[in-house]
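Read from first to last, the chains carry the letters A, B and C; within each, the first residue is number 1.
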Amino acid sequence: MPDERTAAWDRQQIHDVVLRYCQGIDRLDLDLVRSAYHQDGIDHHTGFDGTVDEFVAWVFPQLAEHLAGTMHVIGNHRVELFGDDALSETYLTAVHWGSGPDSPAGFTTGARYVDHMTFRSGRWAISERWAVREWLRPEGGVLTPATGAGPLARRDGSDPVELLRDRLTSAPRGDRSG
Amino acid sequence: MPDERTAAWDRQQIHDVVLRYCQGIDRLDLDLVRSAYHQDGIDHHTGFDGTVDEFVAWVFPQLAEHLAGTMHVIGNHRVELFGDDALSETYLTAVHWGSGPDSPAGFTTGARYVDHMTFRSGRWAISERWAVREWLRPEGGVLTPATGAGPLARRDGSDPVELLRDRLTSAPRGDRSG
Amino acid sequence: MPDERTAAWDRQQIHDVVLRYCQGIDRLDLDLVRSAYHQDGIDHHTGFDGTVDEFVAWVFPQLAEHLAGTMHVIGNHRVELFGDDALSETYLTAVHWGSGPDSPAGFTTGARYVDHMTFRSGRWAISERWAVREWLRPEGGVLTPATGAGPLARRDGSDPVELLRDRLTSAPRGDRSG
């Protein structure tokens, strides 16, 4: 941590949290993935709600056993700072492939990471993540809008990024790290 | 605005303008889209040339009526600063989908936002935008190079990003906010 | 160069190196591409190992003669700073197209630029680049994992990004600009 925290430093650190998560997932480096969350961090994925340790235990077998490789490519990353809390929205295009052209596992999906990040114990990390799905395109097939249980995208003002912004902007200033 | 404007602050603010535009388009938040432009800002899209208010009136019905969702995913964002003017080039991959797998509306397009941004009234915003098309891929089909009326990509030194750079670098230093 | 180099300035300059490379390749601007490397910079691509001058002589005919356009879209860009050395990893989705829908040349590829950047003669530039391939999707076809001679992605701890990090973190602090 620098002598004086600045908004620019906060943004860079928050960006690095997102990058570490992706690099960890794509390289199968569990520690790098865990480093993106606080120890009590919560993750909401399609078909999963739980702590970071439970998330890692759930996601790694899927990555290692069924796929030959993944690229979690991030685009737009917008951070809104509220003291020791931050709203971080990251656009994601995730490419998944099997070991050959006939593998049934290949697909690409569009999603957004809506993250409630907090600055605690001298570092920024995820307190709560919603992996908001947008679309799915099986390899060789066509795109379909995302369905099923889990965070889904909305365009009526109730998207997870808008709900989290409402929560962070209405909370009392000194009591936001929950 | 901070006490002292720095190049880093200028870059971050310009980046946020691009992010707000995309978030506004994808969430159907008109005010967020408008906030990316100065009030007299001009937009050039395929089949459209006009002010920001005319642009919003033109684009929103297309987004809301014919599509179930969009993701305007940005990649490369290069900013060249010239005092209160800036050349901002943003790579864009825009995914559009309908309400079902048989929707005829689904397509992905590659483009670049070439923006003349200016710092006026205490904020950075778009003075003039060229949405430069590169390619189009209908869902389930193959990519074709972009055609038709509107800003098109060039590789002969006359791309909109190169023309705008020429304009900004040859203009007298104190007279660039036009 | 500013009066005082900061980590933020280093990161911004390194990011601009990556952006200049992509803009140069996509606009066929050889000087912009060359500006991303030190004069003795080395590049490793699939089917190519050599200096920056040799690389430019190798790649430009392919871009100009066989393709109507390219977009080298970057996503995740993670920089790890080690004094005058840096490890820079950039996710890349490169779209290539011919002059018509029936062109055999169209394809999209996923890769990562693993760059050893160094600060020398007052500027950051590439000392050595590994263009690490991940996947290839011919236009109208399906994704296949990358194969053949050249830097390939790994998930067992020996990916080029991990090998370069090992090298940069184990080198004596004052002797890293090699």
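Everything below uses one rule, namely that a residue touches a chain if its C-beta (ideal position, glycine included) is under 8 Å from a C-beta of that chain, and two chains touch if they have at least 3 such contacts.
Predicted model only: the values in this text are computed from it and were never measured.
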For chain A placed onto chain C, the superposition rotation in degrees, Cα atoms, nearest 5: 120
Proportion of interface numbers common to chain A and chain B (over half same, under half different): different
Rounded Å distance, chain A centre to chain B centre (Cα mean): 26
Junction residues of chain C, two or more chains touched: 8, 75, 93
In the complex with chain C, residue positions of chain B that touch it: 8, 11, 75-78, 89, 91, 93, 110, 134-135, 141-145, 153, 155-157, 159, 161-162
Touching residues on chain C, where the partner in the complex is chain B: 8-9, 12, 16, 19-20, 22-23, 26-29, 64, 68-69, 71-75, 93, 95, 97, 99-101, 106, 139-140
